[in-house]
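One structure is given below, encoded as structure tokens.
Just so it is clear, A, B, C, D, E and F label the chains in written order, and each chain counts residues from 1 on its own.
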């Protein structure tokens, strides 16, 4: 793997993580992380869409004029989302039931569009695809982590219903760590989503500081 | 006698009893007097004497220069020992040009202008000229040349001269004593000033905590129907002129305007007494009453001090220190400035010298603001000190300016009351300084911009002329230009 | 199926046309920012920012290609107004405020070469050929260009003197009980 | 009448777009550093949500439903939103330059604000009539604006606080959002009452 | 003497943060002692645990942040937060309720913001609401007063079992008035009828009712509040506007439809109205600073309390109302700054002619 | 020139729309069958929890009819038959809970005895009211076998209200809503029995779609 791809991977998974560093794609991050399984599922779906649309945008990038850039990008993302939606509904129905309303919302999830603008619209096909894929993977990672923390503290389980998402073979992942009524309910309610995300950003900072890196202070479009 | 409420304010411990019953005593003439060229707001005075000159008491030794300025006079007779840089009575301790007079002990009067027999038929302009010539500046703190203020009468329609006898600062009793001991002179001076200003009415405002002064002044004023004496509630900073005006007339002076725009001119009682001396006897402003007080002073006192005596002279006169002073303050404890050196001289605006112990100051380490809102409630100017300070702390001076930091009169109420002991006023002083600097800088850079433009135009013109000349010379210059290009 | 494809295509064409039209109407606007920025700069064309002069710096700023902290003569004040205008955070950490300076000519060293006079953009240097030169402090904005051209090192930059007139309180020190970050 | 009031309260407060439904969070975290920008963003978004929801309602009722094109919903809605945003920009610029000055910079951000699409999809899910849909969209965006402005006020305050370095910036923003969501839980169960 | 660090003033009031907090503690004392007596040993245990936990968490956070621990603890703010937090918990709640609430109050709502004075939400109320939302069962387990040493009151040993073993005897549980009226209403029993079952006004004023550990005695809380006003720690603006607006809106609706809306007096003397109005909503840090702002804040609290009590899922809304208004405080602050001297409320200089007020 | 530009933007977007529209349409065609099959499965699945599959040999969805319930809301009544005999009915019932409406599916046999009840959708508080969910507790299972007369009508209440059903600790509103809904559902059958088992009525299946 060349250095360039290494950076793409590291950026996507950690340094420039969509959720923890760029603060994009916040909505699914909050809404779909009341359990690790949901986070994982949402992350995977998003990753597929991101990889596919990055690929397409990069392919067509020379044909798209400045003025219609955004609508075309949106159209591409929306089509990919619909595609995923239809296919999931038809062939991965259990997962579809879990992710529900939020699959259509991948369309306006700011993360794919931001990556299309920032990367795929300028770079060749393969790196774009990699960027989409690993940004999506980083997104999945963050969502799963947030989901795990919320699930453990809020309901005392981990990866509950993972077998519905991934198939019966993954039953082993489902864990019951404490009695469900001992959990701090708030953690799986809206306040918990914000709280855990905030704390994970702090956690990332601490690790970064320990690794001798500078703290990233802002989100992607914090100065408007 | 209807009074109007003023906003906010505080009730600090006044501790006036330390000096209020001490009659005014005269300071024995010190060995040397240090007379700074600038004891007032405006341009410094211009020296008229040189080293070695002999001067007599009352002789003008520096004359005013510019529209807003005031002359300085020799406070006693003696020789000019030096004209040099001496630390100013100022927290920075920066030096300023000072005339040092070695007293000869004779205290010999020089030639004085004649006294004006009946000021009430004299042309106001002449009265003003006399006041200007006598070097009188406001003695209530700001030290603004009094004659300039008297000139307002010619520009605006005025109806009231307000005598400020509030003396709201803790400790200070000089105005109190002055009113008790020299009421007639004050009243006479006030009438002269009213004449100069053209105001038909004089109002005297005295805080309720000076009942004797109020009584004596009322008695002294009884003969003159144009004069009214008001006792105003004890509420710091009642002595601030805008607030005193509001308390007595109910009028609120608009921001960036003067009380004179409402037809009211405010003067300190000591200022009017100085005017009395200048007009009736031709004597310039040579001495003032200074309250020396504070728990670190052995015997607090009200001292008639020649301008130019050093602070150390006053303190020695009071028997020195009985305790370690935490701060030596020039003025009252609320608005006064810390003195960086005891060698600094007393100037025309010095109303008090306080040697304060740590217990009296009662300052504590700063803790975070708990947003108690006290500062907001008590700010007499309706500001939000906590917000202004927070923005200044984060270097957002422009926001603090928007919140009105320039409107702050530095009365100190907020700092006094803050339970977290945040140096609010210090933040504001800092911000005001920086904002003033920035202002000066923009003005300078505007000037520089125009200078640069002028230069550019000049250069362009010159280049144009050169080109024209070149073109005029000979068309065969073609090859020459080519050569030039190669070399360039 | 054909309804689907058809309606989507029609929508695409219409919207595309609309956006094209929009782009046309929106494109005409010229960037007024540059002018405004130029107003904010000192205007002395000293070139310390690394650009030819203030206009070029302003142009670069407007395009977002230059850092706002480059103008030395403008100091913190200019950085702050630029930050505000451009809606960005001024990072003053790297910017060391030296305080205002002006040039000072050591008259003993001056040989009257007039190089500095030609250099000064505000005519702040007085003197004539072969004669000693002096600086008019009020007109000098401390760009230090003259310092650089002087063949005898007769020009030094000195801080503007603190006097009673321009002294002010320093910012209070950070409170003792406040935070060690 | 009463159900419309309930619908609006529920949309604005109880099921607040940001704090309960988790929509539009990127702008919530991104453009709330100052109150005036938050107000601007709120106004612009309110306008776009209301208008595009009305259009989307029309598309749903007259195109998608009759021809069973449910699967094109996402694509058509988002195209309409993108167009509505651009169109708004055009009109505002023509009609009121001062308003454009105020809202202009926010408009492009709105296209990718999932609150807009989210509200439209919720409308379809709720099968509301036109008036209900319009009111719902409007109330939802008012709730959005309210929270944006509140949050911006809080962040302006925080800009003056001595936040520990590890928490400064986004983390403290999340914590404030969390506590705000906690406070809004006080309204939960409101529609039932 | 040559380096002068600070400008004036050179005299200061004797007011300090520590003294302020201490005075508040003093003002809380009568109500606290009376209620501890009323609810007996389990309440005393919970009270100590909660305060202890708050102080311990504060100390931990301070040392994590590298700040002077002893010096900062002595500003008593954590103690006060713990105290008020304890007063807002169900009196016989198990120990972990107090500890967890303390963690959320101090480590979540206070220190990430930078500690005293920097937080934007009321720490005690954050602690209480997090617990309420997370553990609704434990947080709505009320008991009737069992005064110390009276018959039927738990002794120290039983108290340990209640607080540490979670063995709250079912027989002792009791609904709170607000909760009772609310559930009855939800099954169609009009307020007018269910009102017969709640303790009468006199009992509720004195404090003989089920409720949070420190909220029941309106009279003693009022006493403490008046003491604070006398000491000028708080002003009348917030308490009066909270209670006034609550009373007013409740009374209006009660007049219109007494079957659905309880009376103004009932709202005043139920739940945490008094404690909230005098001690919670008045928290300096999280309420507006100007008097005008405080009135707006108070009215907002009052209306929200009524709204939540009547229409939302929770029987009581003081904590939520306070938190919601905390969230609005910065904005209220910005729009209710006092008028500057000599300027219009917009900040322009006054016109000369209009100088007269 | 400008005009052309505008057109070309339109064309670009139009072409993309055309392409992706086609892609989606094709995908829809490919998936449509599976999707409706899944939807049917879903329906049957949830039905099977309230009407055991052993009880019928017909397609419940096909034989469903649409009726108006007592609030005028349209509900689908699924009917199970075995060898032409009606063996069971399933329909949606609604209760009001703590967080709003609770949607349940009630299955009964022809005599009005409960075969099973399941919560379909609710917004009750997790950890408190959500114990009505079969996944979270067995509370909902205890209704099987009961009917309007067993227990007697006046005992169809939670214990707190003097009935026979347990409430959850700290949550009475949810169980009260559920018990009330079931009771009303049973009463609905009692009142509309004739119509519900009439096989001449128009079928609902034609209207089934997404």
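Please note the rule applied: contacts are C-beta pairs under 8 Å (C-beta built on N, C-alpha and C of every residue); 3 or more make two chains touch, one makes a residue touch a chain.
The structure presented is a predicted model; accordingly, all values stated were derived computationally and were not measured.
A.B. asks: Smallest number of touch links from subunit A to reach subunit D?
C.D. replies: 1
A.B. asks: Which chain is most remote from subunit B in terms of Cα centres?
C.D. replies: For subunit B, the chain whose C-alpha mean is farthest off is F.
A.B. asks: Counting C-beta pairs in contact, does D-E beat A-C or the other way around?
C.D. replies: Taking the two pairs in turn, the one with more contacts turns out to be D-E.
A.B. asks: Among all chains, whose Cα centre is located farthest from the one for subunit C?
C.D. replies: So the farthest one, by centre of C-alpha atoms, is F.
A.B. asks: Approximately how many whole Å separate the CA-defined centres of subunit A and subunit F?
C.D. replies: 33
A.B. asks: Between subunit B and subunit D, what distance separates the C-alpha centroids? Give it in angstrom.
C.D. replies: 57
A.B. asks: Take the average of all CA coordinates in subunit C, do the same for subunit D, and state the distance between these two points in whole angstrom.
C.D. replies: Here the centre of subunit D sits 40 Å away from the centre of subunit C.
A.B. asks: Check each residue of subunit C and list the ones that touch at least two other chains.
C.D. replies: Residues 4, 8, 11-12, 15-16, 18-23, 169, 172, 177-179 of subunit C each touch two or more of the other chains.
A.B. asks: Which positions in subunit D touch two or more other chains at once?
C.D. replies: Residues 71-72, 75, 79, 82-83, 162, 164-165, 167, 171-172, 175, 179, 182, 184-185, 188-189, 192 of subunit D each touch two or more of the other chains.
A.B. asks: Where in subunit F do residues touch two or more of the other chains?
C.D. replies: Within subunit F, the residues that touch at least two other chains are 8-9, 12-13, 16-17, 20-21, 24, 27-28, 98-99, 125.
A.B. asks: Which two-chain combinations touch?
C.D. replies: All touching pairs, sorted by chain label, are A-C, A-D, A-E, A-F, B-C, B-D, B-E, C-D, C-E, C-F, D-E, D-F, E-F.
A.B. asks: Looking at the complex, which residues from subunit D come into contact with subunit E?
C.D. replies: 35, 149-150, 153-154, 156-158, 161-164, 167, 171-172, 175-176, 179-180, 182-190, 192-193
A.B. asks: Taking the touch rule as given, give the residues of subunit D at its contact with subunit B in the complex, in rising order.
C.D. replies: Interface residues on the subunit D side: 159-160, 162.
A.B. asks: Considering only the defined contacts, which subunit A positions touch subunit F in the complex?
C.D. replies: Touch residues, subunit A against subunit F: 60, 63-65, 67-68, 71-72, 75-76, 79, 82-83, 86-87, 89-91, 93, 97, 155, 180-181, 183, 185, 188-189.
A.B. asks: Which bits of subunit A are touching subunit E when the two form their complex?
C.D. replies: Spelled out, the residues of subunit A in touch with subunit E are 183-187, 189, 191, 195.
A.B. asks: Which of the residues in subunit A come into contact with subunit C in the complex?
C.D. replies: Subunit A reaches subunit C through residues 66-68, 71, 75, 223-224.
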